[in-house]
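Order of writing sets the labels: A, B, C, D, E and F. Residues in every chain begin at 1.
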Amino acid sequence: MTATMTDYATYKHFNVSMPSAHVAHVEINRPAKLNAFHQECVQMWLEYGQLFRALSVDASVRAIVLSGAGDRAFCSGLDITSAPELTSSTSSSSNSSGGGGGGGGGMDPARRAFALRRHIREFQDCIGAAAACEKPVIAVLHGIAYGLAIDIACCADVRLCAADTRFCVKEVDIGIAADIGTLTRLPKVVGCGSWVREVALTARVWGSEEAVSVGFVSRALPGKEQAVAEALKTARLMAEKSPLGVQGTKALVNYSVDHTTQEGLDYTAVWNAAAIQAPDPAIAIQATMQKKKATFAKL
Amino acid sequence: MTATMTDYATYKHFNVSMPSAHVAHVEINRPAKLNAFHQECVQMWLEYGQLFRALSVDASVRAIVLSGAGDRAFCSGLDITSAPELTSSTSSSSNSSGGGGGGGGGMDPARRAFALRRHIREFQDCIGAAAACEKPVIAVLHGIAYGLAIDIACCADVRLCAADTRFCVKEVDIGIAADIGTLTRLPKVVGCGSWVREVALTARVWGSEEAVSVGFVSRALPGKEQAVAEALKTARLMAEKSPLGVQGTKALVNYSVDHTTQEGLDYTAVWNAAAIQAPDPAIAIQATMQKKKATFAKL
Amino acid sequence: MTATMTDYATYKHFNVSMPSAHVAHVEINRPAKLNAFHQECVQMWLEYGQLFRALSVDASVRAIVLSGAGDRAFCSGLDITSAPELTSSTSSSSNSSGGGGGGGGGMDPARRAFALRRHIREFQDCIGAAAACEKPVIAVLHGIAYGLAIDIACCADVRLCAADTRFCVKEVDIGIAADIGTLTRLPKVVGCGSWVREVALTARVWGSEEAVSVGFVSRALPGKEQAVAEALKTARLMAEKSPLGVQGTKALVNYSVDHTTQEGLDYTAVWNAAAIQAPDPAIAIQATMQKKKATFAKL
Amino acid sequence: MTATMTDYATYKHFNVSMPSAHVAHVEINRPAKLNAFHQECVQMWLEYGQLFRALSVDASVRAIVLSGAGDRAFCSGLDITSAPELTSSTSSSSNSSGGGGGGGGGMDPARRAFALRRHIREFQDCIGAAAACEKPVIAVLHGIAYGLAIDIACCADVRLCAADTRFCVKEVDIGIAADIGTLTRLPKVVGCGSWVREVALTARVWGSEEAVSVGFVSRALPGKEQAVAEALKTARLMAEKSPLGVQGTKALVNYSVDHTTQEGLDYTAVWNAAAIQAPDPAIAIQATMQKKKATFAKL
Amino acid sequence: MTATMTDYATYKHFNVSMPSAHVAHVEINRPAKLNAFHQECVQMWLEYGQLFRALSVDASVRAIVLSGAGDRAFCSGLDITSAPELTSSTSSSSNSSGGGGGGGGGMDPARRAFALRRHIREFQDCIGAAAACEKPVIAVLHGIAYGLAIDIACCADVRLCAADTRFCVKEVDIGIAADIGTLTRLPKVVGCGSWVREVALTARVWGSEEAVSVGFVSRALPGKEQAVAEALKTARLMAEKSPLGVQGTKALVNYSVDHTTQEGLDYTAVWNAAAIQAPDPAIAIQATMQKKKATFAKL
Amino acid sequence: MTATMTDYATYKHFNVSMPSAHVAHVEINRPAKLNAFHQECVQMWLEYGQLFRALSVDASVRAIVLSGAGDRAFCSGLDITSAPELTSSTSSSSNSSGGGGGGGGGMDPARRAFALRRHIREFQDCIGAAAACEKPVIAVLHGIAYGLAIDIACCADVRLCAADTRFCVKEVDIGIAADIGTLTRLPKVVGCGSWVREVALTARVWGSEEAVSVGFVSRALPGKEQAVAEALKTARLMAEKSPLGVQGTKALVNYSVDHTTQEGLDYTAVWNAAAIQAPDPAIAIQATMQKKKATFAKL
């Protein structure tokens, strides 16, 4: 199950590097198209899901930074102009999320809905792989971050951005409700309900200051370079700690967000009843006392 | 089911106008009493519920602005001084939410509780009609916004305010816990838990800056006039988009707030499997390319 | 069931005083150890739970302020250096959460997990007693507020802090996921999801300005003294109101945070159907009209 | 809000009588069509919903028996042959639940789905009015009980049947999944999961013995007459008791079916905290001791 | 925390014996009053809760049989005739669940409701202690099993009965809805929804054959003696197995009943990840191969 | 995505045939080992999951029958004797669910728990593939049906059995709580709570009559041959109907089991809003009128 760096080299749309110990850096790598998920997009988002599922079980990885290649965009969304079926017809076209999956042909609306539902669920599962990934994910946004970019960013644990970032829940502008996760996750990661609905209902672009102010990102840095550096620093900080502590923390926060307080506490107790039977706390404490760096076994 | 502007003229306590295409403007219209819901309040809130249920299914309406008539108040709450039974007696009076529903008479506490529960549920359903309304609702608060005003505002999708607004969860000051929605919805629309409990437990008045800072409103404008203008502009923006996209967005955010992430994603997929089989995306994209305004069929 | 001030004097690790009518002030009282919950910590947190359960049903108490004795710390967490079993191992030691790791003696990992689960649940229940307490609790943080301090603070209704406070979700630094409530409650009391995960995954220290900015505390005051004074003032404000209104408000907000909107409204209606059959609203209104202070019967 | 028997005479498709004190008897009254809900079915099921909402708040009614007029059928479902649009076309027809709501016309599939969803929800709400009715409902099935008959029966509290009853979840036979409540409620009222899915997936007809055996009905009586008599006897038994006890019991069972054990217990405590403050228990106990019939105030 | 048999001798209303290794037998011991929970009932049910909480953590106990002393009754419910305040007054009496907690006096209905709610919750917690008990509980019912007896029985894991048992959800006969657990748990332990509502709404007595037929009990035995013997045999069977397997099974079934399938599976995986790290499976398999009895360490 | 019969021939441990149009028959094919999932079991259950995921999206399949090859067993569980690590050691062995996943080696209990949790979740997902499969699954049990057999059977929609079947929730006999689905699903598919807990806590074997009586299976047939024939007949019945109706029914029952009544109704409405826009209802009705067999397009 463990991937090697060699394996990661096979991904076509993503650069994967290991800038420091236990830290993986994933770059969406289609800068000429503003990192849009393109025409043969099925392959691109399938690859995205596959990548994060591999990182999730790769014992050599303890924290992940996700950013976009190039200067102009984290991700400009779906590459709609390359989805010809969207514009060819008004009465029978299948306008799927992501442009694929439907086909239309002679299918009646019920069968097309059946196919579209499967398609959307699969697309959601791929993009959601970063949220399900057992290792923390830090997203760094810059330039254009529209549509699918927000779906992707909402799945990260921590979001940083460059000062020039322009964010947009773009979907209502093409006549649909965002369906790859934004409408579900954005209200859970930003506490300002009025703002969430406003940007989702208007497709208004917002900038980095506003993103900080409402808490969508933790911090804005002057440029992409600084933001990536900051993310890598934060990732290193996480990667130096016991992976049991860090991955347990992600798992328990994920669980708690979707359950009642009592359920969260109960699950936490069952989880930690095993997790604290590790040598890691003793190792951590000893290292602190000796002012040394602790070394933890892989997980 | 489709109402006409003529029908809306029959509402006694609310002005309904159509300032631009597909945008309805509802004014709470009892300015002499600071837009309090008054003595014969049963009628007033029944009318409020009826109005938003009508707007919800009126195909000519795509976005709604809600404000209060006059300069002094969005709404000062319930008109308690006009609820004589509240003050007439200390030992046996029925102090219902909204002043009605109870009656008391010779009823034992159990039967009175039964009647009061029905009454509160009905009152909640009427005020909640704006949240259940399929079209987005933008509330504009100004001047006094006390008690019931907060229940009402929490049901809107987007909240704007004038700089002079004074907000208050007033209920504890009259010895009761707010029961028309504030205590349920405020913690879901504002992420600052400490602040939510503080204002609910103390009935402290807060102003527009604080409202912006905690995210209760999206923006504060200098005066009521500007705030209403801003709301109407935002409503027009929503109304120009495909109603399938906008109304789907509201429905899916509403759903997600009350469900787990996985449930939200699943519901979204089923919803969009039908919703994206519309000509609207093609129309929207074509209009964008041609830099024209898109026209969408009614919904 | 009603405790007297005399009873409260028997608590070994906590000072309990009654600075004004119906307001209790609880101080964590182990300043020499930075108010850490210490070696014989079982006793200390059992006492903490017992204290808040007593306050919960003490009719003479209507609001509670919680702070830490001394200048240096609200609470520095668990007193780990005094937990020798962590690095040596004994046969019968209680391996607390936050105590971490090994020991175990002859127990197999399954039986040890069983015992640890019980232990964590009991610890959670004690610390959670402030959240379950029927009276509102205002926590005042100052100086060091690490680890368990955050678990404790998250259980308060309102949080204030002194400008010098240094906050930290410390647990990942000793190789474990926080299990006494922070990971469950922090995402529910602070709406900035990115920030919550960042501080929980990095154990980064944050200060009072950041605490205000993300909404973890309602306000920061210049020093501990001013913060306690502000908390006592707020507590008095709550204590002067009808206890039915105040305690109902806490109960309903607690309920709503963990339920859907519709469930929250329904529960509220059943609750208030009884609660508004009190003389308190009439008393409150009359007092307001007569510009007198209202007196409410105990609850 | 209180209806009188005169009002009930205005219902076109239902007979409503008052065979004994506080007991209402509702008959589906379209025997010539096997009590199918027919072509102008919108009106028929709207009337059904309206009727049970009226009974719910009619203080003179404490228990309700629901049966079908004539010898041949409780209800044979929807009168599909009278829904011409269903058979006229294969490519564009709108086959709505209940035959209405759709219209089709030139609507695209997304808009049609929007209309159909509203339609189904409204139909569900009407049929579900018996479940939401505050008074217990006893359904008596006989003869044909197909399709909608099962949706209706699942909403009753108690089900009895005549020995000749033929039951069928008919919907898959016309190519759709049952959508007015059967698929949601049947698994909650019958504990035999394998049987539930078998009858729902095959549209197999089952008889009264099987209905008793799996627990779908409480008892089978030799004929319709005896079954109605038994139902009326049971209804009288309920109607003679305190309406607070009976209606509280229905409300709390309804609640518990849809919530966790702890939520059910908590809600029950809040409910009964008011409900047991009635004179009814004392009246009931005194009557029992004096071997007299108790008389309870209306509710 | 571990109780000894000597400690169990101190319970006033319950006999506790240890008829075979690791099997505790609890008898409700007030046969002269048909094992009703009597006037000073607060003490009796507090003792009941205390007893099951002690058994839950007593490592020498692995299975529990619960029955009623004497020939005539498992338990006839609450001893209402000994609750004088119930009959003394019609307008102001407090009829609490269990006869206590209210008091009434000069309390207004809201404060009385507050006290009653606390009282009901505490009563529920005591009776629910058998459900929360980590060890399996087998209830043996005989003779009269009315009212509270059903609340108690629903908390057991397994129910057996003697042929002469007469069961009754008695509460509606005294004008109240059962509030100590029956209405919440009965629909979860018996799959025949129609039957559950019928017996709860009519207070109809049912017998052992019906109890078997609907699945309320697993089996009926000819007499009490045989039923207790069968229960003890079943308890021995459970007690001979690994306590990790048995107690894990109870914990996971309890959890699953109140959660979705996916939540149940997830919790199970976290639970067993620790629980299967015991020597017990190897011991069990080896014992089976060697046709010996396995011995498992205490839990 | 569509598999062909050729593809199905590649499965090593399962026979897949197509005995009639649209009906797949899956046989667990390891009869010499009583169809136990064996030593290299990881591969066997991975294959099982893969098979049902393929069937789920194979448009040529509309109903599935699952049975065991040979005369002696449906499935005797996990082949534990072939899991040497289980018996080799008592202090440090990893006893995983399914015998794999753990490894143990030098892993500390926390890391082992982490690995085991992943392993159990993956095993659950594979066995649960039949429940998640969009097509209905009919399980036919015969001979021995122990341990994993019950996990597998609980995932089927319909269960039939031969008269000779011996069922057993075997896990407590080897010292563990069943973790592949039985404890979660059995209480949801059998309404007799007392029986469910009894068989899970005692590992008592039960027979076909009891299986019918509690509703675990729909019917018992004299022998395996008849049971398979009956299952195939039932599968054909399902396969002849519109796949939209049948698969929608399975999806909606699955959903409703895990949600509240209101959530179930709401989801149903959204689902059917698209699903009933098919030509299938018209085709079905026309065929019925013409007494012909209907032909439905693939799904």
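One rule holds in what follows: a residue touches a chain if its C-beta (ideal position, glycine included) is under 8 Å from a C-beta of that chain, and two chains touch if they have at least 3 such contacts.
All values derive from a computational prediction rather than experimental measurement.
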item: Turn needed to bring subunit A onto subunit B - CA fit, degrees, nearest 5; value: 120
item: Pair exhibiting more inter-chain C-beta contacts, C-D or A-C; value: A-C
item: Recurring contact interface, reference D-F, options C-E, B-F or A-B [over half identical by residue number]; value: A-B
item: Length of the line joining the C-alpha centres of subunit A and subunit E, rounded to whole Å; value: 48
item: Cα-centroid distance, subunit B relative to subunit C, in whole angstrom; value: 34
item: Contacts with two or more other chains, residues of subunit A listed in rising order; value: 91, 108-109, 112-114, 188, 190-192, 215, 244, 257, 262, 270-271, 273-280
item: Residues of subunit F touching subunit E in the complex; value: 80, 86-91, 93-97, 109, 112-114, 116-117, 120-121, 124, 128, 131, 171-179, 181, 183-185, 187-188, 190-198, 200-204, 214-215, 257-259
item: Of subunit C, residues touching subunit D in the complex; value: 267, 270-271, 273-274, 277
item: Residues of subunit E touching subunit F in the complex; value: 136, 156-159, 188-192, 215-218, 234, 237-238, 241-242, 244-246, 248-253, 256-257, 260-262, 264-266, 268-286, 288, 294, 296
item: Parts of subunit C lying in touch with subunit E, wherever the complex brings them together; value: 57, 108-111, 113-114, 118, 244, 247, 274-280, 297, 299
